[in-house]
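Each of the next two complexes has subunit A plus one more chain, namely subunit B in the first and subunit C in the second.
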Partner chain A sequence: MIVAKGKPLEEIIEAVKDCDSILVAGCNECVTVCEAGGSKEVGILASALRLYFLNQGKKTQVGEITLQRQCDREYLIQARESVESYQMVISMACGVGCQFMAEEFANKPVQPGVNTMFMGGALERGVWSERCQGCGSCLLARTGGICPVARCAKRVLNGPCGGSSNGKCEISKDVDCAWQLIVNRLKALGRMDDYEQIIPLKDWSSDRAGGPRKVVKEEVRQ
Partner chain B sequence: MNTKTPSKLEKVLAAGHQAVTSECGPPRGSDAQVILHKAEMIKNHVDAINITDNQTSVTRLCSLASCIHLKLAGVEPILQMVTRDRNRIAMQSDILGAASFDIHNMLCLTGDHQSFGDCAQGQNVHDLDSMQLIQMVRHMRDEGKFLGGDEIKRPPKIFVGAAENPFADPFEIRVPRLAKKIAAGVEFIQTQCIFNLDKFELWMRMAGDRGLLDQVYILAGLTPLKTAGMAKYMKNRVPGMDVPDEVIKRISGVPKDQQADEGIKICVESIQRLKEFPGVKGFHIMAIEWEEKVPEIVEKAGLYPRPKVD
Partner chain C sequence: MRLNYPAHVRVVRVPCTGKVDLIHILRAFEKGADGVYLVGCMEGSCFYEQGNFRARKRVEHAQRLLEAVGTGGQRVQMYNLSSGEAPLFAQYAREMSERIMALGPNPAKLAMDVRQGKAA
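Then we have the complex of A and B:
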């Protein structure tokens, strides 16, 4: 899933403090699972804003809505009436949902309520960890199912670098060395011979480097 | 004598001499005299001098310009290049820049993470890694071609080196990793600072057992310790550094004003022991901001005078 993290309240207040009415819009997908922008977090932010405006002596209206998916026009269209009745939207969806919201409602200011972090999963309740950077040409078959692009601080494709120490990365003792994990995994799979195969220069043209990307599947296109 | 480049370092090694290299860090400013002064102190005692590339990610005068200053002063430079700061266009371009000044040695490195330096909020590039950089330089030199396939007019003639850290984790891949770098085309290795000689020798024996020592020149990396504090700092704070307790005990066991001398002594003894170890083809002396001690170390270790090669 896409993992996000709520923006500091002060930053959000700074952006919306002069508004007369605000709609806090959550998303029922990834940001709900990672507890950053689902209906629960929408309620918390909306309450905090109401309290702020009350303390300021302002009568700003703060509404709440949570869409099934903000990255899907079908659901955005259904929310049109609510969105149009507020002066501004705080999108609690990821950067994708926030942009789809802005594209759908061209005249409506949209303020992000979260910082979108990465594609990852939960290690335990309340802890999410990065797994993929969407480079567009997956290497996992060569690296025992552990991604050096997403999980090595230097995205070293033939690692580890000299900074690997006791299984940890040189940047922090809290960060696993991806190449230690890869070596452990190759060993467990009996594939250590593969370690010595040099991974060639990567074609980054399918990555961010190649410019904004698009996937078209002709057989399902309408 | 079979050499592939005009590199003086390659010639010294190919002639069967134990080579001596050292390194100088460029200044945090544009005064070339700083680097020239450091080089002047050591140039008669070493075969070539590495110029570090924004080491520990702290912005400095660039390695390439520093190497050019050395070259123009008649000193043999080893251009260090990290993959952190440049993409493949910039690297190929800088390699040609170095070649245009007849700089004939390169050390291919990944580089420390930028979070250690003065631009911790900067982006890192890592378009390729050190292994792929080795391949790229060899391709440019041996095929005379750019990565894109076009012909290079007057290709670089560069003797290709890399670093290896026999002490980094996981230990079981330290030798396979050396094999991988050799397969990528590396011709000489300068190792991480060696304080744990037993572990280094174990690594060398394992490399020898795989027949790797006939395929690459290994230069053992040595750093003289200045103080007990430095020894402890290196042990505890520098990733991938192995400083055994007995080394710390030895340098801590002498009065503070004699610790520097003890550090030099440890360094010299290490070189003397490793000189006899099969497969050690030379020494890389990293006297960090202590370059003036390099001549003394080289002389005491019996590595002076340096051989003359054409």
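Then we have the complex of A and C:
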């Protein structure tokens, strides 16, 4: 899932303090799972903003809505009536949802309510870890299911580098060395022969280096 | 044990302080409460193991949010006691009541009263 974390309340207040009406819009997908922008977080932010405006003696209206997805126009158009009745939208979705919201409602200022962090998963309740950087050409089959692009600080494809020490990365003792994990995993799988094979230069044109990307699937395209 | 505590303290019973979420605390202030405090079991004595620890974290989060919106973080507090400590329950009620009296009314409530023409 896409992992996000809520923006500091002070930053959001600074952005919306002069508005007369605000719609806080959540998303029922990734940001709900990572507890950053689902209906619960929408309720908390809206409540805090209502208190702020009351304390300031302002009559600003703060509404709440949570869409099934903000990264799909078919769900965004269902919210048109609500969105149109407010002066500004705070999108609690990831950067994708926030941008789709801004594109769909071109005349409506859209303020992000979260900082979008990465694609990852939950290690435990309240702890999420990065697992994928969407490089566009997956190497996981060769590395025992552990991604050196997302989990190695240097994105080294034939590691480990000299900064690996006792299974940890030189950037922090809290960060596992991805290549140590890969070696451990390949050993456990009995596939150390794979480790001996050099991974050739990676084609980074499918990564962000090639500019903004698009996926077109002609067989389902209408 | 006929103990007294301030009459304006309204007790909301929950199965565990771990049931109390951030939104409950914020809504209480939206509805005009001048202060909110949670009284949980002693730390380490939670029947559900983590309930009172979770409540404490939520109270701390509420304090930060209320500070940011201008209501004031001191209006929220977490207390712990055992079920055999009724005098302590009354003491916490007086302590919180005195703190809120010193802070004055919830500014959001005052604003709502002005809006509804109830201001003195």
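Note that in this section the second predicted complex is superposed on the first by the 222 of 222 C-alpha atoms of A that agree within 3 Å, B and C clash if a C-alpha of one lies under 4 Å from a C-alpha of the other, contacts with A are read in each partner's own complex, and residues count from 1 in each chain.
Simple rule for what comes next: a residue touches a chain if its C-beta (ideal position, glycine included) is under 8 Å from a C-beta of that chain, and two chains touch if they have at least 3 such contacts.
Everything quoted here is computed from the prediction, not taken from an experiment.
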item	value
Which superposed partner A:196 touches (first subunit B, second subunit C, both, neither)	first
Touched partner set for A:10, first subunit B, second subunit C, both or neither	second
Contacts of A:180 with subunit B and subunit C, given as first, second, both or neither	first
First, second, both or neither for A:122, with subunit B first and subunit C second	neither
Subunit B versus subunit C as contact partner of A:44, first or second or both or neither	second
First, second, both or neither for A:170, with subunit B first and subunit C second	first
Partner chain(s) touched by A:159 [first = subunit B, second = subunit C, both, neither]	first
Comparing the two partners subunit B and subunit C, which touches a greater set of residues in subunit A	B
In the complex, subunit A residues that touch subunit C	9-10, 13, 40, 43-44, 47-52, 54-57, 59
Residues of subunit A touching subunit B in the complex	153-167, 170-171, 177, 180, 183-184, 192, 195-196, 198, 200-202, 204
Complex contact set, residues of subunit B against subunit A	83-84, 88, 110-113, 115-116, 124, 126-132, 135-136, 147, 163-165, 168-170, 172-173, 176, 179-180, 183-184, 192, 239-240
Contact footprint of subunit A on subunit C as seen in their complex	21-23, 26-27, 29-30, 64-66, 68-71, 107-108, 111-112, 114-115
